[in-house]
Amino acid sequence: MAGSTPASLTADTPAAAVVAPRKNRPTSPWQEAWRRFRRHRLAAASGIVLLLLIAVVALGPFIWPVPINEIDFAAKLQGPSWAHPLGTDDLGQDLLARLIYGGRISLAVGLAAMVVAVVVGVLVGALAGMSAGWVDAALMWVTDLFLALPLLPLLLLLMYLFRDHFKRLFGVEGGAFILIVVVIGGLRWMQVARLVRAQFLSLREKEFVEAARALGASKVRLVVGHILPNALGPVIVAGTIDVAAAIIAESTLSFLGLGFPSDIPTWGSVLRDAKDYLDIAPHWALFPGAAIFLAVITINFMGDGLRDALDPRRVL
Amino acid sequence: MSNTDALLSVRDLRKHFAVKGGVLSRVIDKVHAVDGVSFDIGAGETLGLVGESGCGKSTTGRCILRLIEPSSGEIWFDGADVTKMDATALRSLRRDMQIIFQDPYASLNPRLTVGAIVGEALTIHNLAKSRRAHEERVVQLLETVGLQADHMRRFPHEFSGGQRQRIGIARALAVEPKLIVCDEPVSALDVSIQAQVINLLEDLQEQFGLTYLFIAHDLSVVEHISTRIAVMYLGRVVEIAPARDLYDTPLHPYSEALLSAVPIPDPTVKRQRIMLQGDVPNPINPPSGCHFHTRCPIAKPDCATRVPELRESRPGHWVSCHYRG
Amino acid sequence: MAEPLLDIRGLKTWFKTDDGMVRAVDGVSLSIDRGETLGVVGESGCGKTVTARSVLKLIDMPPGRFEAGQILWQGRDLIPLDETEMNKIRAREIAIIFQEPMTSLNPVYTVGDQIAEVIELHQKLSRKQAMVGAADMLKLVNIPNPERRVHDYPHQFSGGMRQRVMIAMALSCQPKLLIADEPTTALDVTIQAQILELMQEMKERFGMAIMLITHAMGVVAETTQRVVVMYAGKVVEEAPVGALFGDPRHPYTQGLIRSIPRVDRSAGRQARLESIPGTVPSLLDPPPGCRFAARCRYVMPACTQAIPPLKEVAPGHKVACIL
């Protein structure tokens, strides 16, 4: 082959077709992660259960159109029956309808608070990770400050202080929802920020980022096109866990009576109302408790599966 | 060393990295990664830059592209000083100067398709008039480096090391640069694949009239591809000479030892090996005087105090040693 | 001839992966005599490292497993041995050093502790005696101030010094065979020369055999007596070092030797390098026939039908090619 100039290039190409040694392999790294996630049995099963739960909560009112606040003292504290599949409470209100309604709130709060936490966390982490010096130091100082705050007392205090303002601004239900989401999300972004910063610090030294700089890419392009997509794996995992944590936080708030107004059922508030009747009507506490448990555990299992599927050592 | 036709002239380039320590993370020390490096590269030639790990060769390459900010010195490219360029000038410099990296795995964004990687520069610099022109150019680039059009929809992890290196080369070619800094482009590849990539780089140089700064630690590869070679030791250039001269008559004792340490793939060749004692000293506190005097077989007392100048010992053959050349 | 020290016969080490069985080592036979240096060369993924680790059974099982073959150590098959019996052989009879000396040393113990542990374990000495032995070993591998440096941690040593420490540790029980898996790949060329010289010195001193695994043809040419060339999990050629470089028979070996630029010949830009087109085939469901057929310049229809056996073409020179 010596001496044959560009001809040897073409001589190399037939073998270039040996690319993709594995057959029928999905191509993009995201598809590859999805394939691995599906292989993780516990996570995949959890995903299905969670989807069912979401479907029930979302479509429930159409299938089970019983009002949540129809008081019927004749049927109070009844166990499960055909008329009331999950029984009734002390006012004879249908628990299934109340749990479906409450589930909508709990899951929505969980998702929305996660979005707040992830958005704030990614912004803070990315800013810190891209800027060296005092900006980075200041942002990480603030992050550490937030991490040092005692969460529950602060949650309670903030709820107590701002509940009325938000009620006036956004209405009873909307105000409570926005306040809860902002407060929970606003106190849970620190882990994400630290993760994102660490990812940014290591990724921005990567040669492919250097290559993009050498091509003349702007800072925005570097972050959006090269660094962020490669930093998302751990953020998705953390975000998943955050949904579960937010659901628990909302339930705790409601249980302590500082969540939504008492006439709006959420899983936490139903649990609170049930606590005084544990020996007469155990089903009343059992079902909301089970709903919280099921939602949280399936989300955490999915987090595990995602962690394996998005393992950067396997993607990069 | 003054060369009026030089495409790139580096003058007294220095890069010091701060070493922070203590409670207040103050600067307690400096690593002299590049410690006064000067050389020229003429248009169309290949300058090989060799040395062992930590000698500052990669830092030099990155300073030239301003991927790392140099601490001091001048870098003249096409009549302009790169070290004084503002953001706009730097952006247009990117169209003339490119880089190819060592690690074919770390140098390609795993989330992007090969088409997106190779075509990124076209988007950044608006080099394609239409979507169609963009795609045609990407295909053309892939074919130039010996890949195929249908590879553009694939992702980097589906390619072997050698093919990934071709993708990296196609990315660098997209802006039609004049100078390419090749930072150990074949060090991570298998022997049989190395030869493919070296041949490709030589073909491209001929085809597009490219100028290379070829950084490597493998002397046999550098000797093969370079017209001239600069040998670095602890942040300084100790010898610059045409490739043939350097290999036939190395002047600096370090170049000599380096050359004699290269194993020859022929059991019938028996050579006298100059064994250097010890390791490369720490660049935080490099030895005084001539950096090499602690390991030098011919060192004399004054080598520890006097810094040798790089001087022309024979036409085109520069060496920095008090007692050689 | 006397029984070889190590005799690998038809070894198959396969790995079960998500996508199927990877035949990393697929029927490898090779032997090492007492006091001999055998080079095992090949490119990444050719199975040379897996072969080396198989000898000491350092393969994780699963996913790996021995599909077939024997590893005869002084006539005794190692494959059926359990961990306890293997541990009597490891370090004491067969020692191994790896490419990356930083990851092979435990960063939280001093190097003296680590060497002494090996000595203590295998020679039934007290800790104090073992520490003295450790210092002696460091001295032997030319580490300056050995009495002081036994108390240093691995990160306080440079790359070359760490590889010396690894060699000291490997030699502390005076093994009969040293397996060196790319011992100089991570090192600079002047340090590589030092380490290769040290290995040669140690070999003469202890009279052990060395199995040198490397991809660098230059290193093989300068340090070994006999060479085995591997490609895609199989041995393609085996020959005394002079014959291998002087008269390579397998097209892969020929290509490998010719594709290396040479420092010693014709300085300046040479003629084009010869290259082997294409890339190494996947070891997942490898094609029938010769594994090199897809890249071979002399390929014939027969090549893709059956795997060519290793046959002797000259005394001690075996080739797996139908040519």
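To keep things simple, chains are lettered A, B and C as they appear, and every chain counts its residues starting from 1.
One rule holds in what follows: a residue touches a chain if its C-beta (ideal position, glycine included) is under 8 Å from a C-beta of that chain, and two chains touch if they have at least 3 such contacts.
No experiment lies behind these values; they were computed from the predicted model shown.
A.B. asks: Could you run down the chains that neighbour subunit A and subunit C together?
C.D. replies: B
A.B. asks: Taking mean CA positions as centres, which chain lies farthest from subunit B?
C.D. replies: Measuring from the centre of subunit B, the most distant chain centre belongs to A.
A.B. asks: With chain centres defined as C-alpha means, what is the inter-centre distance between subunit A and subunit B in Å?
C.D. replies: A distance of 47 Å separates the two centres.
A.B. asks: Using CA atom averages as chain centres, what separation in Å is found between subunit B and subunit C?
C.D. replies: The mean C-alpha positions of subunit B and subunit C differ by 32 Å.
A.B. asks: Give the residues of subunit A that touch two or more other chains, as numbers and ranges in rising order.
C.D. replies: Residue numbers touching two or more other chains: 5, 8, 12, 16, 25.
A.B. asks: Give the residues of subunit B touching no fewer than two other chains, as numbers and ranges.
C.D. replies: Within subunit B, residues 160, 163, 196, 199 contact more than one other chain.
A.B. asks: For subunit C, give me the residues that contact two or more of the other chains.
C.D. replies: In subunit C, 272-275, 277, 279 touch at least two other chains.
A.B. asks: Touching residues of subunit B toward subunit A in the complex: what are they?
C.D. replies: Subunit B reaches subunit A through residues 62, 65, 67, 90-91, 94-95, 97-99, 101-103, 105-113, 120-121, 124-125, 145-148, 151, 153-155, 157-160, 163, 168, 171, 174-175, 196, 199-200, 203, 206-207.
A.B. asks: In the complex of these two chains, what residues of subunit B are touching subunit C?
C.D. replies: Interface residues on subunit B, with respect to subunit C: 52-53, 160-163, 190-196, 198-199, 202, 217-221, 223-227, 242-248, 257-259, 261-269, 271, 273, 275-276, 279-280.
A.B. asks: Which bits of subunit C are touching subunit B when the two form their complex?
C.D. replies: Subunit C residues touching subunit B: 43-44, 158, 160-161, 188-194, 196-197, 215-222, 241-242, 245-246, 255-257, 259-264, 267-270, 272-277, 279-280.
A.B. asks: Under the definition above, what is the set of subunit A residues touching subunit B in their complex?
C.D. replies: For this pair, the touching residues of subunit A are 5-6, 8-10, 12-13, 16-17, 19-20, 25, 27-30, 32, 206-218, 221, 225-226, 229-230, 315-316.
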